[in-house]
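Following are the structures in question.
One chain, chain A, appears in both complexes that follow, with chain B as partner in the first and chain C in the second.
== the complex of A and B ==
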């Protein structure tokens, strides 16, 4: 009897624990968070991140339903069928109908998830090769270079071309324009080339919900777009106007300290920053 | 043991190994009997002891990892002087990379796979199908002894300059191929690759044996669809190994070749490491790092199923015995394991959604991955169907199996987020992944293994393990396992990356330390709690309660043999009349109807 109560309680606790932790994350913090960061993901500020977050919640709903059904059935059966009885168990080898039912329903759910994500994934992965109205490739904002154990960002400078003498490099900090002059929400894209000098690294910005490995020997065209409304909301109560860049692929002993920051500036301020960097470049030479 | 007469069980199977072990009655010496044994039961127990010893080592590595994550760079009390005399009693970053690399390697290649396929595969297959031994007993012995060079290579890799490999258990090049990229990539990485190759030899010899034995040596009347699900699971795992392992072996050889002969399979041109062009990389090169990832995951994704499908089989058997009810949906169980195996070969790319692989390929892998969740769901429903209307006996093996189902539900459901590519981009390589696969491999496979050890222990040693200690072991293990791994979901949601030695310098992670301290304390408790198991395991071997052939009143064939079974396993010829799960059959008085019992001619 003791064991019967114990196991049932353990399973029930796991069920409740699972629900509480997913449903209400503030619960764990027992009060307001000391920083902007909780035990949940940070605020989202990219044009696409919202789609990913929505997909996350869609899956959450489905998974919660399945979790409650399966864990609930497990907990209930453990309590109900572990009672001491003299008669035999139900002599059954299965049920064709039930098998069909619990094959078809999860299959349908999985297909819904599979298809509902395709457009977001395609937008994330393919739109970097997008062309403008005239069929020209969109200009590259900067090259992201990863190496053990730092991030360097090479900008083409005023002429917009790499390999000329007005190129400049920013270490540690990636500065990107908000593209607030661009009225079309879907066109607020900044194109980057992601490259590595030595081993594998991974460019991860939690706030942008973006992660991609930097592979030596490969140049990858990626794009990031900042949603300026979301950003304004986040910025409102923040002192520090920049966000973490984290290396997300093991790159050696110093992997843990391969950090960077990304700062998003309104277009006018971005232009000013480019001017400053250019002046610095020629001032030094 | 008076007249084992194995060949009368299966006329025509007069191949040397079986006839010798069963007919001749001479006593073997200690060395032939326990060390260089060709008896599948002894080999199984050898694998088990090897696996359990390495389990302790891998566990210690995990404890060190947890210490570092809770209190980074702080000197270790008491043992710090002994372990790290030159670095202020603290773990160094290089040492930390070695720790998680070897924790993964040891747990996968030296604990889970040897325990599931090596220990239980060897011990159970001949007994469950009514065969006197494996089809190739000597090959079986070589299979175990191939693990010894593997162990040697692992220890050699620790002794190399640099102190052990540090490129992760996935060994992604160029970090793993270029010596100047990481201290672990000096000579240690080569020894690591050799160790993996030897483990591969061992698994290969085992797999050939299992498939042959299961196909050719079943007792009369034991059709494929009368086999216990454990045998099915082990057959499927063996087939996975047969198809996937050659790829890993080839990939290891290619990486060794890159490292030793400066070939350029995986090393691209014009690398600059620490401001210099590394030796070798300039010479050949032209390689592609993604090639390794494809080859590696082509093996290692099926390996994930090698690590869980046998556990599913063991759990199904234990569940049915202790629920006193037939397995619900036997054939759907078999078919779902088969489809897991089949689909398992076309989902490896889901490890590479963020790798820079062609995104169109990512889409196909995503759909395949979604589909592989289906057979796992079907299995869960069938386990629940088995429990429904049953008469659950809350014995220790049953408790661990119920724990297995609960953990598998959590681990299985969290996998769905990972399959959804846009979400996976964020959670890829975070602690959500760590939580997910530990729920499957620790909460799932290890719980099933504990259940299996408690369940088949009487058959191995003729004595049962202590039930009270077993129950204490279960309750603590269940609580602390969730304490450790459940909270890792939270870390992962906050974006914490795995393999990060000291995360708290990042603004995003600074607030996560208290959570990590909690996890670490849970992990220490979990580790210490296993004392109940270790004591129980060794104490019961000599002083446990003696039991007869069938202490659990189970139906399957292994319980017809004496406990422990002698050479040749069975002392009378077997004939099988029905499937392995005929519990609660109303046509007999008892609540079980053994596979061999003939009720018609009575």
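== the complex of A and C ==
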């Protein structure tokens, strides 16, 4: 009896601890945090963000239901059938029906997930999503270089070509245009090349619901699109004008230092920024 | 045998484990016992002159001058007061107005975002303690107590909770940047956070958290992580920094160090620290300067001690050494160079001009005046070149037992096969290749010199043309990269920059080749008239070969 009570109390304590630390960010961080930080997903502002969130919730609900059912059954069994020292072990050959049932249900769930994510996956990952109507590759906005332990963004400069003398680099801050001149929501795309200099990293922008591994020796074409209405909504009550880039793959001892920021500018301001960076590139400061 | 699912000990072990895990979350390694030490070089040189027992004199003097890691500060001497300069308030006096504005802006938008949000909505009691701002927090809890506790402060401030809109007692309390015509409590609270510049103690705390594990307690580049890094972290104690905009050997400007914190030293383990506010970065620079000055003073004091007959350190020697070291750092801004240089806009230059100037740069690169090739190699691949550039290294005796294993582990030694005039490898009687062991020359920090491989397009001190210009014109402090000879004009240096950048930029390089190929084809046609018409294709191939042999750069273009 003592053991049952102790285990129950411990589990309850864990649950309370988890809930408290989840509710109160500072509890874990033990330090200050900007007011917009949250334990949950931040607001999304990507053209695909709604799809990503829908998928997230679909899977979340499914696994939560399954978690509660299975854990409930487990807890009940532990409580109900906990070994009394005098009991003899019971041998059972299982149930064929039950085996079928608990194979078929997860299989069906996986199929639901598999089919529901297909169109989003294609829009995110397929090469065709980074081509124009004629099947030509869209021009690259910048190269994203991951290295131990920072992010570096190499822009082709005014001429739009890499490997020329007007290329410029930006450390830490990735600046992207909003594509507000493009009326078509689905065409607000910025193409990037994601590369790594040394080991595996992962380029993660929570606000854009985007995460992709950067693999050394591999150049990946990726795209990010910003939903300008969502962005305006987020910016309305936010003084900080940029968003986190996080390395989501443990890449070495300095992994925690590997951060960056995304700043989204309206097209006209973005062009001004490119001019500024070009002037800085040929400046003498 | 009876099965027992869990002993009665089980739950207690589990509980103990959980308590242990949660308790360790609050684990504070502490830093009370951290203390500045003397460098190995200091101890060795004291030993040499038989003064090893006098080391407490040196460390005592240094503690008086620079304090401890817990309470770092500069000793204020008479001549500092003469010049109306208090180095302990470094930021107050040395920052330009723009830099101050940037700091205030950053505090407002990033660093104290949450605190300022709460102050703006007058929820003073909820303002949380900010990171790395202990002194600020002390002022807030003491002087601004009436605003958030409703009790009298210890200094005899107002006894009751004040109205945030009432006047701030300017005569009793001080906040940086208060307007002359007075401010309200709420405004003063906002200004306190907006205008906050970290104190040396706060910066030292941040240094401990962010920098110490590589750069070490006293900035010797010998922190616990440091020994696993290649290249090694900078040892500040020589006072030498590589990526600076002042003349060779001079002390860096504050801005040079801030730039490195903002940009990082790319492809080394030094990341950028742009996630911190500009105030915090300037504060870190203050502390790095203190460590560098402390190290320099240490070296000089030991020299003074060795020179004196008694082995004593008189007060005035300490004072004069300290002032001399300070003077170098104080004048750093005056040594700023190339402020009025005009950078050629070769993004707007025609390919012809680019080729002509780059070609001139190449001639200089391969020439004996600039002598770049002797370290960076004919193909510009520096330390990565298959043939070790000879001027980089000296032959050592392989059987010599004094080969430093640590230096060897860091790539400090290389075997080079001996070749005869025809490029054939020489062999000994048993058919083994004859080879010599070379020791690569160390830089001032004792690291093997590794000249930059230009074809990788990685420039640690910045890849902008002006950065390369500064590297070529004034060399790199502390390394074997020298300042340009007097015979090399500014125009020559820019041509070198263009050549080096062309090696680094693949598309530029391809364009240059294309251009030269076209020029050669034209030449070829002029020489051979119309005769070559029937076999155009072969002609092209010929031209390709010409180009390659002509420039000797086929390796570089292959990259």
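Quick note on the criterion: the second predicted complex is superposed on the first by the 192 of 285 C-alpha atoms of A that agree within 3 Å, B and C clash if a C-alpha of one lies under 4 Å from a C-alpha of the other, contacts with A are read in each partner's own complex, and residues count from 1 in each chain.
Note that a contact is a pair of C-beta atoms (placed from the backbone, for glycine too) under 8 Å apart; a residue touches a chain by one contact, two chains touch by 3 or more.
Only a predicted model underlies this, so the values are computations on that prediction, with no experimental measurement involved.
> Between chain B (first) and chain C (second), which does A:158 come into contact with in this model arrangement: first, second, both, or neither?
Once the two structures are laid over each other on A, A:158 reaches chain C alone.
> Figure out whether A:110 sits in contact with chain B (first) or chain C (second), or with both, or with neither.
After superposition on chain A, A:110 lies in contact with chain B alone.
> Under the stated touch criterion, which partner chain does A:282 make contact with: chain B (first), chain C (second), both, or neither?
Touch partner of A:282: chain C, not chain B.
> Is it chain B or chain C that touches the larger share of residues in chain A?
Greater contact footprint in residues on chain A: B.
> A:3 in the overlay: touching chain B, chain C, both, or neither? Say first, second, both or neither.
Touch status of A:3: both partners.
> Using the superposition on chain A described above, determine whether A:171 touches chain B (first), chain C (second), both, or neither.
In the superposition, A:171 touches chain C alone.
> For A:254 in the superposed arrangement: first (chain B), second (chain C), both or neither?
both
> Touch check for A:143: first (chain B), second (chain C), both, or neither?
Neither chain B nor chain C is touched by A:143.
> First (chain B), second (chain C), both or neither: which does A:227 touch?
It touches nothing on chain B or chain C.
> First (chain B), second (chain C), both or neither: which does A:59 touch?
A:59 sits against chain B, while chain C stays out of touch.
> From the superposed pair, tell me which chain A residues show up as contacts to chain B and also as contacts to chain C.
Touching chain B in the first complex and chain C in the second, residues 3, 6-7, 10, 14, 17, 33-35, 82, 85, 89, 147-148, 197, 240, 253-254, 257, 259 of chain A appear in both lists.
> Quick one: which bits of chain C touch chain A in the complex? Just the residue numbers, please.
Residues in contact with chain A: 2-6, 8, 10-12, 14-15, 18, 22, 26, 108-110, 113-115, 117, 128-131, 225, 228, 262-264, 266-267, 269, 271-275, 338-343, 345-347, 463-466, 498, 501-502, 505-511.
> Within the complex, which stretch of chain B touches chain A?
My answer: residues 92-94, 96-97, 166-168, 172, 174-175, 178, 181-183, 268-274, 287-290, 323-332, 354-356, 359, 362-363, 366-367, 370-371, 373-374, 377-378, 380-382, 384-385, 387-394, 399, 402, 405-406, 409-410, 413-414, 416-417, 419-423, 425-426, 428-429, 471, 475, 478-479, 482, 486, 489-491, 493-495, 497, 499-503, 505-512, 515, 581, 583-586, 591.
> Across the complex, what residues on chain A touch chain B?
3-4, 6-7, 10-11, 14, 17-18, 21, 25, 28, 33-35, 37-42, 48, 51-52, 55-56, 59, 62-63, 66-67, 70-71, 73-74, 77-78, 81-82, 85, 88-95, 98-99, 102-103, 106-107, 110-111, 113-114, 117-118, 120-122, 124-126, 147-148, 197-200, 202, 204, 206, 209-218, 220, 240, 243-244, 246-257, 259
> Where on chain A does chain C make contact in their complex?
For this pair, the touching residues of chain A are 2-3, 6-7, 10, 13-14, 17, 26, 30-35, 82-83, 85, 89, 147-150, 152, 157-159, 161-169, 171-173, 197, 239-241, 253-254, 257-259, 261, 278, 280-285.
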